[in-house]
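There are structures below to look over.
Both complexes below contain chain A, partnered by chain B and then by chain C.
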Partner chain A sequence: MKALAILLALLPLTLCPAPLMADWTRTGLEFHEQTPPPDPVVDRTRVATQQARRCAGSSIRFGDTAAMRGGVQADWDDQTRTLAAIAAMADSYDTASEALAATEEDGATLDSLSVLTALQFGQPVSVPTEGLAGPMLADRLFWQAMTQVPSATTATWANDILPALDAAFQADPSSFQVRAWRVIAWLQAQGFQRASCPARIADFADRLLDLSEASACPLMLGHVTHGIDRALESRPETDPDATRAAWRHFGEALLATVAGAPEVASWRGAQLTRSPDPCAPLMASELQALLRPEAAR
Partner chain B sequence: MMPLALIPAGAAALGTALLDDRPGAALLLSLKVGLGMALWAGLWHLGMGLLAGSGRLETLAASPAHALAVNAALAVAACLVPGLVLALTARPAPLGPVHGLAWFCGLILPLLGQGGNWPVPSLLLAALCAGLAMVLGGLAGRGR
Partner chain C sequence: MSETDDTAALDLSIAFFSAVLMLFAFVAFQLARTPRPEPAVSLSQPDIARPVQPPTWAAVAERGSWSVYDGTRLTVLDMDAITAGMRDVLNAYDGDDGYQTLTLHDGADPRSFSLRLSFRPDALPAPWQGEVLAPGPDAPCPETPRRLLRSYVAADVADVTPLTAYLARCGLTFAPLPLRDPGESGRVTVQIGLGPGSYAAEAIFR
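After this line comes the complex of A and B, so read on.
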């Protein structure tokens, strides 16, 4: 019994943590090989580049059409320009469409203007894409996607709208509206995502970084997140879909990190600890890793 | 995790003891086995600390097979003293191995499994230690 008492007295010594040894580590009562740290999921290089550029401009353009973005040159005569201006300023679809029909010009640029005018007035319109490439094709694919938005289900977002927007992005990477809607479409389609958590987080993070590539300016990214909130008709805190809310918290945290607002990013990251989404812990750890160099500054 | 695991382990040991015709002897057996398991865990921790501090592990390549060998050796070495103590203080009582298993599950099993991963070497180690725990429990309940 005396021996037992002495050995039990030594018990507190065993509670001291042991140092790590080379490739070995210990967990509880087991020694085992150290697992290597996981590869970063969010592209650290892109985040650092955008943080350094902050509010500097980029090659991304904000125009509604290829012509407005400077992707194509509309070599119109004065009469066509005047009629196009009338169509743009008209407050009724009939007036606008009559003005466009009165032009003697022909071509894809004017066709695009007709399609955009119909969409802006909520008129049903077919959006052809045959024979087009580059910025013109990007516009048509974007508008095809937008025509489906009002009545889209999660399946439509995942199977039709998101692929169309991704194709538009490939056709014209300079279009800001496509980059913005790729984020919205991903959030709308996230219920259909079946890939692993690292793959989904990497995909969503790439889309967000494509968006912030236009400018990592706090004011602009604040406008963008407000625009996303309006498209989704809720704030992340009031989103009835809890898993989508988690992704929105992550998205706003990543944009805040890029824009140099680490306290906002930390707060958003903290919301993830209460999320039921299975990818939330990995999202939170990625945000913490991204914020560590910021905290050290 | 271990404090939580003590609740079902304690309940299992207590229940097993109370089922016996001589609950007093069974409860004493359960208490001795519980203390024996705690001593085993303590000596095991001590052995890990000494091995880590000696630097000898760095000469061994970190692989699952080596890890199993090291952990099993530590477990066996650490259980010798508690086994001896329990054997020397044995009083006849039934179901000693069951008490050993219950207290093993409460005191030692939560510290195995590499934090919940449970690769094959951890499973083998847990099976070995469960067997050792039942042997220790059996030693404590052997009559003279």
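After this line comes the complex of A and C, so read on.
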């Protein structure tokens, strides 16, 4: 009796086992199991949108300050503007800072200019963020992060710089410099050591697609990858960290896919197959799916 | 066939043949090609307008000094003299050998400006001359505290290797800016500015 009850209880399992998840197709008298493709990790819609838009302009701006990006309006008198021009032309910090101090204007835009001038001259400076919002806050958070870069360790990148850049991105999504450094900071902070493979790939791909959203032109993305190489001081092939190299290969392949250079993307994707990184197979399959959308269906 | 028809046919044939003749004339003119002018020898594209803080691959642009190279002498510009002229027009140098004008541009950005400097590359106005150096293997290094030296190079300078070797020895980064040929006045005008156009897309970290 007990055996019968167990059998009855197991009956549904034997009749319709795990393949409930799969699709079945019939060819003649044979049934074939088709496992559904895994959930897309990289956002296909964003890739397709950027591929279609390519070199068309976007709302993302390249200026070094909120004012240059058109994010804030400052109505300065000619005296202040002349002094700001002097500060821009000067080749000594004393001349530049004296010119900015001599202005009668007051405000966050001028404070930002003083901070930026000090940073350009390599002077130590504190970057206050109190009471600011939007593009002004994004600039300050970006500069705060940049002052920490020269002496940053992996922990600094992960705990201070990356969160500051993410907050700056929230404050002003139109700033290109923030988008570019969010990718670099993620690589420096070893974001590829955290969470599961699909989550890591989705996070990195989102950051890359945020960057290529400005312009998915091949020339532009060439500059972007070169800029990343300069910041990391190596090409992906010569990166001393093999895991980071794999992620950079994936990054370049994704950008090449968006820019409409599938041969570059396949070449970069092929280099992933030799990588020891546990996420490399998933990265390669994602790239395959992006390059041949009809085959993945 | 009437007589009027005959004349009409004659007119038509004369018109046709003259049209063909005209066509030949045009074809003949088209064949006589004017030779292409030889491109002038130069280091690169002449410098027209220069952003005051040009793109480097750094997140924050680096400040540099400005200089002029005429083939033998490297003159580091005295920016304090030039900025004094920007602050007050009465202090600005104005002479046959050079002058400066500052224009503040209207627009969204309050920082937009352009500064035009007009000078003879081989005889700069005395107030603008900071250090004057003769680049060479044993020459002393410039005393400018800046690492980046943007150098306007006169149009008739064919070889900048002595200058690059000298600046490399001194640990300076060389950014050459070729000048155009001087006009009838012997002067050449450069424009240094800042505006939204200074941030082209390829200045990637801006």
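FYI, the second predicted complex is superposed on the first by the 254 of 297 C-alpha atoms of A that agree within 3 Å, B and C clash if a C-alpha of one lies under 4 Å from a C-alpha of the other, contacts with A are read in each partner's own complex, and residues count from 1 in each chain.
Note that a contact is a pair of C-beta atoms (placed from the backbone, for glycine too) under 8 Å apart; a residue touches a chain by one contact, two chains touch by 3 or more.
In this text, all values refer to a predicted model and were calculated from it rather than measured experimentally.
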item: Partner chain in contact with A:Ala99 - chain B first, chain C second, else both or neither; value: second
item: Partner chain(s) touched by A:Gln73 [first = chain B, second = chain C, both, neither]; value: second
item: Touching partner for A:Phe31 - first (chain B), second (chain C), both, neither; value: first
item: Chain B versus chain C as contact partner of A:Asp23, first or second or both or neither; value: first
item: Contacts of A:Ala180 with chain B and chain C, given as first, second, both or neither; value: second
item: First, second, both or neither for A:Ala52, with chain B first and chain C second; value: neither
item: Chain touching more of chain A, residue-wise (chain B, chain C); value: C
item: Residues of chain B touching chain A in the complex; value: 35, 38-39, 41-46, 48-49, 51-53, 55, 57-58, 60-64, 67, 70-71, 75, 81, 85, 89, 108, 110-115, 121-122, 125
item: In the complex, chain A residues that touch chain C; value: 61-65, 67-68, 70, 73-76, 78, 80-86, 88-92, 95, 99, 109, 113, 116, 119-122, 142-143, 146, 149, 176-177, 180-181, 214-215, 217, 219-220, 223-224, 226-227, 230-231
item: In the complex with chain A, residue positions of chain C that touch it; value: 52-53, 57, 59-66, 79-80, 82-83, 86-87, 102, 104, 108-111, 113, 115, 144-146, 192, 194, 196, 199-206
item: Complex contact set, residues of chain A against chain B; value: 1, 3-4, 7-8, 10-11, 13-16, 18-19, 21-24, 26-34
